[in-house]
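Everything on this sheet refers to the single structure shown next.
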Amino acid sequence: MAEAGLYISPLEDYSAFLGFNRDRKKTPFTIIGIPLDISSSYRSGCSLAPQSIRNTSRSIELCSFVNNINLEDIGFEDLGNIIMAPGDIITSLKRIEIVIESLLNEGRRIFILGGEHTLTYGSFKAFAKIFKNPCLLVFDAHLDLRDEYLGTKFNHATVIRRIIDDTNVLKVIFIGSRAISMEESSYALEKNDKVSIYRFWGSRIPIDIIDRVREDISRCDAIYISIDMDVIDPAYAPGVQTPEPLGIDPQNLLQILSRLIDTRTWVTDIVEITPVYDHSETTSFLASRIIIEIASILIESLNIEKSYCKI
Amino acid sequence: MAEAGLYISPLEDYSAFLGFNRDRKKTPFTIIGIPLDISSSYRSGCSLAPQSIRNTSRSIELCSFVNNINLEDIGFEDLGNIIMAPGDIITSLKRIEIVIESLLNEGRRIFILGGEHTLTYGSFKAFAKIFKNPCLLVFDAHLDLRDEYLGTKFNHATVIRRIIDDTNVLKVIFIGSRAISMEESSYALEKNDKVSIYRFWGSRIPIDIIDRVREDISRCDAIYISIDMDVIDPAYAPGVQTPEPLGIDPQNLLQILSRLIDTRTWVTDIVEITPVYDHSETTSFLASRIIIEIASILIESLNIEKSYCKI
Amino acid sequence: MAEAGLYISPLEDYSAFLGFNRDRKKTPFTIIGIPLDISSSYRSGCSLAPQSIRNTSRSIELCSFVNNINLEDIGFEDLGNIIMAPGDIITSLKRIEIVIESLLNEGRRIFILGGEHTLTYGSFKAFAKIFKNPCLLVFDAHLDLRDEYLGTKFNHATVIRRIIDDTNVLKVIFIGSRAISMEESSYALEKNDKVSIYRFWGSRIPIDIIDRVREDISRCDAIYISIDMDVIDPAYAPGVQTPEPLGIDPQNLLQILSRLIDTRTWVTDIVEITPVYDHSETTSFLASRIIIEIASILIESLNIEKSYCKI
Amino acid sequence: MAEAGLYISPLEDYSAFLGFNRDRKKTPFTIIGIPLDISSSYRSGCSLAPQSIRNTSRSIELCSFVNNINLEDIGFEDLGNIIMAPGDIITSLKRIEIVIESLLNEGRRIFILGGEHTLTYGSFKAFAKIFKNPCLLVFDAHLDLRDEYLGTKFNHATVIRRIIDDTNVLKVIFIGSRAISMEESSYALEKNDKVSIYRFWGSRIPIDIIDRVREDISRCDAIYISIDMDVIDPAYAPGVQTPEPLGIDPQNLLQILSRLIDTRTWVTDIVEITPVYDHSETTSFLASRIIIEIASILIESLNIEKSYCKI
Amino acid sequence: MAEAGLYISPLEDYSAFLGFNRDRKKTPFTIIGIPLDISSSYRSGCSLAPQSIRNTSRSIELCSFVNNINLEDIGFEDLGNIIMAPGDIITSLKRIEIVIESLLNEGRRIFILGGEHTLTYGSFKAFAKIFKNPCLLVFDAHLDLRDEYLGTKFNHATVIRRIIDDTNVLKVIFIGSRAISMEESSYALEKNDKVSIYRFWGSRIPIDIIDRVREDISRCDAIYISIDMDVIDPAYAPGVQTPEPLGIDPQNLLQILSRLIDTRTWVTDIVEITPVYDHSETTSFLASRIIIEIASILIESLNIEKSYCKI
Amino acid sequence: MAEAGLYISPLEDYSAFLGFNRDRKKTPFTIIGIPLDISSSYRSGCSLAPQSIRNTSRSIELCSFVNNINLEDIGFEDLGNIIMAPGDIITSLKRIEIVIESLLNEGRRIFILGGEHTLTYGSFKAFAKIFKNPCLLVFDAHLDLRDEYLGTKFNHATVIRRIIDDTNVLKVIFIGSRAISMEESSYALEKNDKVSIYRFWGSRIPIDIIDRVREDISRCDAIYISIDMDVIDPAYAPGVQTPEPLGIDPQNLLQILSRLIDTRTWVTDIVEITPVYDHSETTSFLASRIIIEIASILIESLNIEKSYCKI
């Protein structure tokens, strides 16, 4: 990993996800933390999320909910965190890009523990370099499609727009977005060949959107899933930068994910968790569970050898 | 506003709702904070709610959920807070009455940021002076129909009874009440010409109650909506004086509101939020969203010129 | 109560459940707190739960949700707490057994305010001595069926296995379990004559499991219900030792309980509440409500004289 | 206690101070809680303080710091709390007056667990009726000498002025006051025959003020000590309504108290503790300790039979 | 203020310091908030500090501690906050520089409400442009003299070194620094013509350092005071990014300030307060008090017309 | 370490103290965490302390306060935590004994990160096996000399008595104890050949006790220092099980330690930190600093090669 290695803080400084660190040869999955926390406008604190997610993950049982696979057999390689450049978002995003590119070149299926949503710019840039017809599936209460926010171009309110501007992304699909501004709504309309928005409010997104989303992503060669935890209702995910009421519930999210994820899914990021507002750590516990479930769906899709918990 | 003006703390001491203060000529809506916090028996702290609701409102996007209206065009006049008389509920209620009466005389559609539920006495008294056949729609886990509580007549446990006693209210309709006492149940039965109770527990009130409520309010000339946030399940609204389990979810509340609100709705109060128990401010975020949605429904009903966010 | 009395801390040190202490002759129900908090592996703090549940219970209205019974007529005898032996789980469990046996001998219907789940071992042992064909209905996100955990045999992760090993329990039925390990899944399979698991994730368990559970318990002479609050989704019950996402909602839990409880139900315990993580006390409020509702269902089943709140 | 008894909530609803309730014949000391919380302007929540002080007191060891007396022999009678009239400060103050007068008539040495500072009005009124030449020693960061505050006469900012206006208090002495307004400073100057102010900021008040204070109180027949916990630095007492920096430390407070208290001291109140802001309960722990130490000083002064812890 | 004005968020969005906004002609003092929060490595959240300081300031009494001046006569102009560029520290620092330069050109005495310590770079750059022989007095537990930190040049750990590198600062004096690294200690030694360090740990810095500091600053034409709140012991100032034990107490800080401040003092910044860790807001209360006291010392030095609180 | 190794959780699960793990050959110091949390009677939660202390230690600068030694050169070996047996204090204490004995046999200077105070029994037993004339220096607000507590023999209230009973300890010296019971005071008096108590309350213990303590320990061949963090005033160390007011300040503690520690000091434990009550982590920060300072004093005493930070 040459240069990439320079930007990763040594593993022994962090407890591994789930409490063990599986050798790369035995698992397709790599965990990498990205404690970016640099452009928040309201609250801040999501740099502490990778540690918090890992911490809660060690109390999680390893039989998956969606398909009863025993994750213990397969597990995750956990590389630790990418070292952020304090106060310098451009450098930080560049480091993210280098590390993710290196991991994708090595054929890893990646789970990113954010960090603020802006990190998706760096990682998607790497993703778009590696794969043809790259697509981005965004679960977010917001669209993050502003052109500029408080005078800067790279931040959590503009990140998806920057990706559309700067990469060859084929399709950006938003699921569960509900809090939008006029500026974003106009821009999305204008870009409606590239951007699909499944706007919903309330606890359940009708499952019949699945077919339309599948159609949207039918020409994608590779899919990047970005989960801004504020897509979920604050009852279930209170510990985020901007809690937006009337979100989906986690059951609905898992149902949708289990029908959309297939072998084209290479990167998943989970962003915007803010532990200092996450009383009783319920948001981090939920993030840990979501990662396990996505991994289980991928194991099924990838047809990896596995065992089941029988109940 | 002559005398009323004396009781309002100067606007520049408070950040306006949504972060901007629209001129009265351009919007029918007036925000007024009422930090009453004087008669609580269990916890206290709801005097800090107006500030907390305004604070969270500044992170809210302005396209409404229920009908996609762009609120930025219309906005709200925010007058700041009514100054409470410390330890003197009678004087405080009188000031509330004077200010609300003055605003209604000026034809404003009012949103009150409470404060404890007792404030509804003062504002409804003004309301009942201005309008013929005034009605009160109460969303509350409780009935607040006790005759006396710990030896006093004016407090959060007696407020609706006092309104029935002291005003010419035509109809009081409770929606979502679930935690009641024998005393209240007996009283309500006795007054069943005037009082309707739609008691429910659990997340969803069947929408078919709407027709019955519509019938109940058919003879009302003007409607006052009082939302005690404890009507909502504590999962979604933990920051209240008395969290009562098994409440409705916010989606259900918005659905009901969107079918009941019409041009007869003049005042809405949102009461009992207690910020010090509102971890991650989710209750205040929800209150901000509810206000925006009610305003949007009113804009539609009142046929005000507007623009839409198109998604 | 002879020896049993020695282990109970004098009543006047604790506020009674609901704020009043009904004489034993007027109510079949006895409340007993068990502040066991000795074997936690992740967090701790559930020794403070009995006090917290009692505290919140005093703000609860006394008309039941499920059947509108006025609980004030009947009420609860509240004996206070069993004194735990610090650092000595064996002695603590023995004291629990002695007290519960004594109460059952006196024909009391018991509600236990936990305390960690391990206490169920002591109380079920007593239960299994008194009743023939005793059964255990467990509501828990977990199975607690490990043989050993961190080198010990008696703790919250092994408690149900120990009960199966050490008592003549006829049937153990798990409802709502979702987070399991391979070890537990294998053991349960092996013991499938004795153990039934209704595994579910998500907010609603289909009510049609009721018939199957009824069949499972058809040969039981007496039923012990153990409610580990983590069976409920952390949105509704954040204040527990190990919040496990994707749990059932409280409405669903009450619906299931109201169809399963009958005169064979003698003991109910509510365990694992951890007040220091229970922001706004919503978990304790919910526990108080669950106890009132179970008591109301029992009043109906036992055909005790009662009055109704009429609404 | 006739009428007084009507206003006291039954004892069994509260855990006694120190965890035991000594018979009146064996101890001169009576504890009474006054959960007044009605006129706060900034924060609120001090109605929960009596419960919090009692709760922490049960973890306190019973050998006094100042003179090594074993408090266990003597202990306290704990009557529980006076029931406040929600939202009605005049009625609440009247109840306080009636109860305190009754207790003083019975010759009790009283410790009041507040509640907001305004309660001192009610209790001092009783005190001034019973004793000739009554004096008031106030430990407070503030003077509470405003004539009116936000339009009312009875609140935490005016309480001492009201006492000077409405009672025959001989002398009011402030110790440790530091945060004053021009209005108060002018008023105090005007009343300098009656009012002495020992203004200080910083951790230690020089002990040589003692002689001057002694001179000030030389003609007093009975002394009432009112301790607003904000006199102490917020490092030691964070859980108060208005934390004022640069306060005295608790060691200094105890030193001063131990030199000023004598047999003329009949009532001590400890006010303004706000548990929801009292993280780790350190302010309540400190209040418990202060009460024990004052009692020990009184035991010495009153020459009561006692035993000592010998170390 | 031309360009500077562009970067200031409109005043009506913020409550003014002390609750009133004095006209510029009547006061030499200008308050400006700088919510910079971009380069934190451990915790974050200091963007919320300006709002928190203003909020607590409204409960502060206006007679100063150090010299009894009535601040109400003079007060402060409060311009609101400088708008930070999310994720872009260079642009943010430039805006700070422009605004501070503009204010100094207008002859204002400035109080900056931080924000992270890095902001001092922007404001000192402006300061060093305006004044000859500019000096910097730093109160900080740390030296912030690293050359680079996690790969970037501008952050809270390097800010003072950057100032030494990039400006014509005549002298940098550290008071109360205690937590230093070898790298910083070596650098400071090397620069000992320019840098003086008064390293201390424990609650009181001996006042006799004053003469040495006075000597150090004797050739300075203008003095900038930067107060990193972590210089104070965490008992008094818990709400900071990096609480460092064994700090000075606030009394000592005020004593030192009152002997060092004279008419050469033009800018004071108060940085690193992190409200989400500032339980009971004690750190913000202390910051408000420090500002009032520094203003009072300046009023005395500047010989401005004033009145005194007489006690 | 044979058997000892079995009880230690693998290092890579924990971030090392100070963020790096020095090879045993280069440092005499070994860190070992003991998350015992089993016998608490009031609060619980100190099992999370080892992680919290390590976490804060990574933000600490490495030049010592007391003697300016650069700790980076020497550092610490950090072995991780001893695995506790849930609910089984006897087994847990045995594991502690085995591990500590093994480390002492290997000549390590040990720092224990507790855990509740009871752990000192296990580690001192090992200590007393290895060394002749072993002595115990206890810094604690309490004496922990009860014979039994709530019916058990091994808990935080009896631990020092058990050590006196069960080991050949030569001398037990208490420093800073202030909260004692009659039972303890009598016992201590009886054992006054073996037990010395330097009882104090208030912020500073006069340094002249040093000579008397030195005399007390003159015949000791090896010294074990046990620091119950509640010895320190709760202003500085709020995050403990039982905050006891009127404690010493950290400056005083370091002064005393720096005069008492010499080459006979082999083990130091720091116990009773309870992170969930440790707002802003100030207690853990302080513990980290205390460890660094004790190590620095030992480096000086042991005459190890070292470098100094020069300021």
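Which chain is which? They are A, B, C, D, E and F, in the order written, and residues in each are numbered from 1.
The rule is short, and it goes like this: contacts are C-beta pairs under 8 Å (C-beta built on N, C-alpha and C of every residue); 3 or more make two chains touch, one makes a residue touch a chain.
All values reported here derive from a predicted model rather than from experimental measurement.
K.L.:
Take chain E out and leave the rest in place: which chains still touch each other in groups?
P.N.:
Leaving out chain E in thought, the network of contacts stays intact as one piece.
K.L.:
Under the touch criterion given at the top, what is the topological distance in steps from chain A to chain E?
P.N.:
1
K.L.:
Same or different for chain C and chain F, where same means more than half of the interface numbers show up on both copies?
P.N.:
Same-residue interface.
K.L.:
Would you indicate which option in A-E, C-F or D-F repeats the interface seen between A-B, with over half of the contact pairs matching by residue number?
P.N.:
D-F
K.L.:
How many angstrom lie between the CA centroids of chain A and chain D, rounded to a whole number?
P.N.:
Chain centres of chain A and chain D, defined by C-alpha means, are spaced 56 Å apart.
K.L.:
Taking the mean of the C-alpha atoms as each chain's centre, how many Å separate chain E from chain F?
P.N.:
38
K.L.:
Of all the residues in chain D, which ones touch at least 2 other chains?
P.N.:
Those would be 233, 235, 277, 279.
K.L.:
Along chain A, where are the residues that touch chain C in the complex?
P.N.:
Where chain A meets chain C, its residues are 59-63, 65, 70, 72, 233, 235-236, 249-251, 254, 279-282, 285-286, 289, 307, 309-311.
K.L.:
Along chain E, where are the residues that touch chain A in the complex?
P.N.:
For chain E paired with chain A, touching residues are 37-41, 43-45, 47-48, 83-89, 91, 118, 149-152, 154-157, 276-277.
K.L.:
Which part of chain C faces chain A closely enough to touch in the complex?
P.N.:
Per the stated touch rule, the residues are 42, 142, 178-182, 185-186, 188-189, 197, 199, 201-203, 233-235, 238-240, 242-246, 277-279.
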